[in-house]
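In the two complexes that follow, chain A is the common piece, with chain B as its partner first and chain C second.
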Partner chain A sequence: MKGFTRFLIQRLIALVPTILGLIILTFFLSHVIPGNPALILGGQEVVENPTELHALEAELGLNKPLYIQFLIYLIQLAHFNLGFDYFQGQYIGHEIATRLPVSIELAIAAMVIGLPVAIYTGIFAALRTNKPADHATRVGTLLGISMPVYWIDLILIIVFYEYLHIAPAPFGQLSPFIKAPTPLTGFVILDSLIEGNLAALGSSLSHIILPAIGLSFAIIGTISRVTRSSLLDVINKDYMRTAFAIGFPRKILINKYALRNALLPALTVTAIQMGGLMGGVVLTETIFSWPGLGLYTYDSITNLDYGAIMAVVIVSGFLFVLVNLLADILYGVVDPRVKY
Partner chain B sequence: MDVSGNINSQPKKKLQRMKNLPWVRSLSKTATLFLRNKTGLVSIIVLLSYVVIAVFAGYIAPYSPTAIDLAQRQLPPSLKHLFGTDYFGHDVFSQIVFAIRLDLELAFLAVTIGYTIGVLAGVFAGYTGKFTDNAVMRVMDVFLAFPVLIFAVAIAIVVGEGFWAIVIAVSVTSIPGFSRIARSAILVTKNELYVTAAISQGASKAHILFRHVLPAAISPTIVFYALGLGSAILLSSGLSFLGVGIQPPTPELGAMIYQPFFYSELTDWWLVVFPGIFIVVIVIAFNMMGDTLREVTDVTLRR
Partner chain C sequence: MEEQINKPEAIGKLEHNYEDYVLYVDDLSIEYTLGKTRIFAVSHVTFGIRTNESIGIVGESGCGKSTLAMAIAHILPPNARVTSGRVYFKGKVVVSPEMGASYSIRYDRKERKIENQLSIVRWKGISVIFQGALDSLNPVHKVGTQLSDIFIYRESMHPEEAEARSRQLLAAVGLEDWVYDLYPHQLSGGMKQRVVIAMAISLNPALIIADEPTTSLDVITQYRIMEELLRLRKTFGVALVSISHDIALISRLSDRLMVMYAGILVEKLPSNSFDVAQHPYTHLLVNSIPNLEEDIAEVQPIRGSPPRLISPIVGCPFFERCDYAVMSCRDESAAVLRQTQPFHEVACSVLPIFASASVKAQKFRKRGAVENNVSDQAIVLEASGLTRIFEKRTGIREIATGESNKITAVSRVDLTVRSGETVALVGETGSGKTTLSRMLGLLDVPTNGLVKIMGEPINLKKRKEIAAFRKIVQTIFQDPFQSINPRFPIASTVAEPLSVNRRTTSDKSSSMNDRFQQHGFGSVLSQAENHEVMVLKALQEVELTPPEDYVEKYPHQLSGGQRQRVSIARGLIVDPKILIADEPISMLDVSLRAGILNLLRKLKQDFGISVLYITHDVASARYLSDRIYVMYKGEIVETGETEDLIRKSAHPYTIALLLASIGIEGSISEKLGERIFSQSESTDNKGCLFAPRCQFAKDICSAEKPELLQVSQSHSSRCHFAQDIQGMGLTEIKAKKEAS
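Right, the complex of A and B next:
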């Protein structure tokens, strides 16, 4: 365990320059975006009145030199203050805290749908290499990684909402006619379960299914391909061939000896995908008006809301790095060969 | 042997010598293996047909892609308008034909730029020593931690509207991936026995790099060039879908799909379905090409 602690500390120290770089890059990138936030925020009033414009700029801190603005931002960040969102009239930290669970809920739903299918098809194809079943799976997974997610989403909406009328209107997490559960955890499905609010539960489940399916295509494509190739690698190992040759029961051999080794790379890919999904999926959330981090990002980019853009990028970048670290740690737990 | 003193013998010999060069033999072998592979052949045929469409777009499209015909708005597919017409009366088929040209240009340009810079950075990091390696790779780590789409949107907005905004956004976001792959390929090759042998014979660093390390290290990265083309098409059409980069009336496949969504005219399914199919087919072709190249260039699988 001592080796593990050292590994963890080393990895955490290595995170510092990455996170710092992320903050620096985000700050300067968001400040070279053309446009004046004070003009957008103040609207018609400040356009006609330069003194008010200057006052607003001073209030936003825009009149100070860029490096001073950066230093102020860093100090605020060290106090866990992400700034104030003038467009939503809310602290950005609060905004992100309420939106993060919304994105994570969608990410989990997409994984719940995608992961079993991905693992199953990966195993299915690997055990039938170069047979028609393998080729069919290959085409399917290729489709999964080659379809633009916004296209899948729109097709799903056209088929299930516009034509079949099975799915609810693609606007947000709940139908507007249903009383929303009191936010305890921020996860709508979980909250309605806790409250015993069956109407909200049904509505939230039916709203989450289309965006989750839309996201699951890419998950299935990627993870299934990784599972297939790593299982094939293991099956072609010498010890597997020997075990086959001496007549070891095939089922036990695959399930116990091959799969456990083969699923390790799949775990890494799953973690990376999850890290990406949790930070918000801009396209899907925009299409389904899903009030998560992705939609917030899109809105703040169109509003030129510096503070919000920076906050979202930093939070999702941080999540991404953290999930990667978590995957590395899990790797050691699952694989006894990994030593720290 | 040509004893008759034929005038052609000199160039012929030259050609023969060319054919025996190791990299020419390896390349022609790779090409043969690639074309014999069913997946590889299909991907090449798809790509060639897209290139043909792109080159002869002006002859293939029956209408002008930007011609507005308000009398022919939102018509479903028919013989007159094969893929229907959109909100402004544009012929969707003609728009797709020109959009294919634009998207191919975008993808090839962006990935070539990103690949060149990325591979150069990766080779530099992997070959020059521990300090530069750490410096370059830490920077790349920062870029990798950025959510790709958000990063690309930010760059595109900074650059401004239009073609080059997307090219720069897509190429910059692809650099860290390419540099990582090139670096790891260099690190593996650098420690091969034949490289050590060359060092022990006193070969210069540059000689070893260009003669022994690069040729072996570059070939696996070609796979990712092909795969990168696929993701470039997805990313650039996604950017246009979000409304950054290519602006209407310039036809772009992603921007075309955005239109029915923006005007909430999703019942006009043909406006969504057809441009999307053309994206999916070319991305699949690039992915298949990458897969086949991976199989074909893997020397350990070659017998």
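Right, the complex of A and C next:
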């Protein structure tokens, strides 16, 4: 355990330069792109009135040299102040705090749906290598990877909402007629459960299904392929021959002896995917009006809201690194050979 | 024969016949398909094993012995096909052309059906001892889980009961109870091998197949595992088929021996002794291995290399390599086993008729080699106080706390090699012998100490200085498959040292060469020609004749032995004074080893090259060398002239090594106690590094480090009690053997 704490501390320290690099990169990138936030914020009035424009720029701190702006930003960041969002009329920190759980909830839902399917199809294909079932699975997963997510989402909406009327309208997390649960954790499903608000629970579950399915397509494709190839690898190992010679039942052979070895690479890929999803998925959230980080990113970019863009990138970058750290820790749980 | 089997009444009859056999292999042939090539791995093998019998199958790598073993257990890879014959286990067919002998975890209805039939045979009838040092154990499950799973899923046993049984099993194979909760990677090779043995005996099978059970373990552990197997055989009364290329080991383990060559059984011996062997291959195989007990005759290499089995062999497969071959050996019936004496079958139509007396007569020629006195020759290579410390990666924390992460691979080694002398460095895996060889071969910089070549101290940090010495010292590496670039033709490989050391080699060849070089273009040509002549000469010297045939070949067209010769030629081409050979034969087939050993001997005799021969095998060290250094955990523990050191060993480790190599049952534990087998990892020991394993260890041993002191002229030992234990090893055992 001593080694483990050391490993954890080392990794957390290593996080600092990563995040710092991220901040520097996004700050300068977003400030270098042409466009004046003051113009967008002030609208028509300031375009015609240069004094007002300068005043607004000064208010936003845009008149200072870039490096000074950066230093101010860093100092503010050190105080956990991500800035103020003039368009939403809210502190960015607050905005992110309410939106982050929404995105994470969607990511988890996508994983819950996608992961079992991915692993099962991976095993299914691996045990039938070069047979029709294997080819079908591989083509299917390839389609999942290559079909654009917005297209899948639209098809899902057309089929399940438009034609079949099974799914609710693709607007947000809850039907407008249902009283939202008090936000305790920010996760709507969890909050409704805590509150015992069954109406909200049902509504939130039915709302999350379509976007989650849409998102899970890409996950299934990648993870299924990784599972297949690593399981094939493991099956040809000497220890599997030993287990087979002993005469274990098939179920034990695969589930207990092969799969655990095969899931290590899948774990890494899952972590990367999860990290990507948690920071918000712009397309899916925009299509389903999902009030998460993805939608916020989209809005901030159209508004050229430097503060918000930076905040989103930093938060999602941080989450990404964190999830990968979690995967590394899980590695040690799954594989006893891993030493910290 | 086959038609008979297919008739129902014939089956009934056969079952009756095979009843007294635990296992009967009848005319079994197996082939592999690799892309478009077919490999005829096993051809028409027939033999039977009775209850409580132990059979050993000897053969070189690629002779089909492992395929045979795995076929019996029905666990061949999916690309293997049974083309003829059957295997009966207690009268029940377990392998046949219809059932195959392969396994597959993939989903397949037909195979599942066969698998259901086999489930009572698997592990309960036939179990396998795999090579435990490789990954035969699942890395993500605890040893205990893997053992008790056998009981849970095969005997439907309650988990708690299964755990109790597993713990008993671990105790039965001599493992401590805590091993139950360890993962395979936490065990040493010997411990893993024992876990694998425990698994094999778990369901009380009638037959155990041991596939190279001790390969890749160090000598002392090998010996221990062998003793363990013998003991278990007695206790459990199982039949045992063991497979190995190690002739000494297998004859100790078995009641009867069979010799396999190129997919067929060439000889079935009536006992566990090779003395009565009649097949030329068996003879040559036995004679090609140096041994420790007898006076050394010249070991005889087998010329050529084993056939590649990509087409069916008609007649005797040994035809090309055999001295006794006659035309009738090409006949189809030439390689069929015939009984020559009761229980003795030989697949040779020539030699048994000749009577084997003539072959035997030449077996033990006395060592006729010139015993040249080298002690007054000049020292060519000298190491003094040579130390190499490896540092693990250190982070900020280590630097802050001053915690050391150092591993001492070689510790204060003094070593000398005289001109024209062959010196052997003997030690087991991890003893630091390769690290030492790299420093002596100027490939690694020592942490401390000095290397002197031709009396000149060498500063290994100055690259330019070293360059001049590179052509004096050349190294031959262990693995001929990886130490030669597969994309270069042989000529380029051999000539490479010339072009690399161009500046330094030019001064050797006469001033004429210099003159050529002043003339620009012409000199390039002449130099190339010169190189070609030198390459041919080098190839000639390593007996790759005619050399012209080899120049344009690529490594993959050569056998392992030929590759190792190329590697030696590459060393010889710069005309070195010292050749460092790091385990040059350990990767080669048994029949090719003797050739390399004899070549190294010849180099010394004919060219006066000093050889530093590094090995784990005492017998080959004895065969080759004038003096031996024994290394243990980075230190030289004993050194002396070869015969003196072997007959009058004065260090307990050397004695253990010798006893293990000879391997008479019970000899080590009787003499040196059980502690010799313990695996102590404490390197920060203040006293003698061997003390934790030494029976003779007294208080002084763990408190005070012994120095390398003389026990007699030119014989030193690093032991406090060197005088007391001297000569406990071989001489005494030999006397005991003669008395009995």
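Quick note on the criterion: the second predicted complex is superposed on the first by the 336 of 340 C-alpha atoms of A that agree within 3 Å, B and C clash if a C-alpha of one lies under 4 Å from a C-alpha of the other, contacts with A are read in each partner's own complex, and residues count from 1 in each chain.
By definition in this document, a contact is a pair of C-beta atoms (placed from the backbone, for glycine too) under 8 Å apart; a residue touches a chain by one contact, two chains touch by 3 or more.
Please read these numbers as outputs of a predicted model, since none were measured by experiment.
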Touching A:Ser30 in the superposition: chain B (first), chain C (second), both, neither? first
After the superposition on A, what does A:Thr129 contact: first (chain B), second (chain C), both or neither? second
Touch test for A:Leu41: chain B only (first), chain C only (second), both, or neither? neither
Of the two partners chain B and chain C, more of chain A gets touched by chain B
Please indicate which partner A:Ile252 is in contact with in the superposed arrangement: first for chain B, second for chain C, both, or neither. second
Output check: A:Gln10 vs chain B and chain C. Expected answer is one of first, second, both, neither. What do you get? second
Does chain B (first) or chain C (second) touch A:Ile178, or do both, or does neither? neither
Do chain B and chain C touch any of the same residues on chain A, and if so, which? none
Chain A partner, complex, touching residues on chain B are 138-139, 141-143, 145-147, 149-151, 153-155, 157-158, 160, 230, 234, 237-238, 241-242, 254, 257, 260-261, 266-267, 269, 272-273, 276, 279-280, 283-284, 287-288
Quick check: in the complex, which residue numbers of chain C touch chain A? 73, 75, 77, 103, 105-107, 112, 118-119, 122-124, 127-128, 130, 134-142, 149-150, 153-154, 183, 185, 196, 199, 395, 397
Touching chain B in the complex: which residues of chain A? 17-19, 21-22, 25, 29-30, 32-34, 142-143, 145-151, 154-155, 157-158, 161-162, 276, 279-280, 282-283, 286-287, 297-298, 301, 309, 312-313, 316-318, 320-321
For the chain A and chain C complex, residues of the former touching the latter: 6, 10, 126-129, 235-250, 252-254, 256-258, 260-261, 334-337
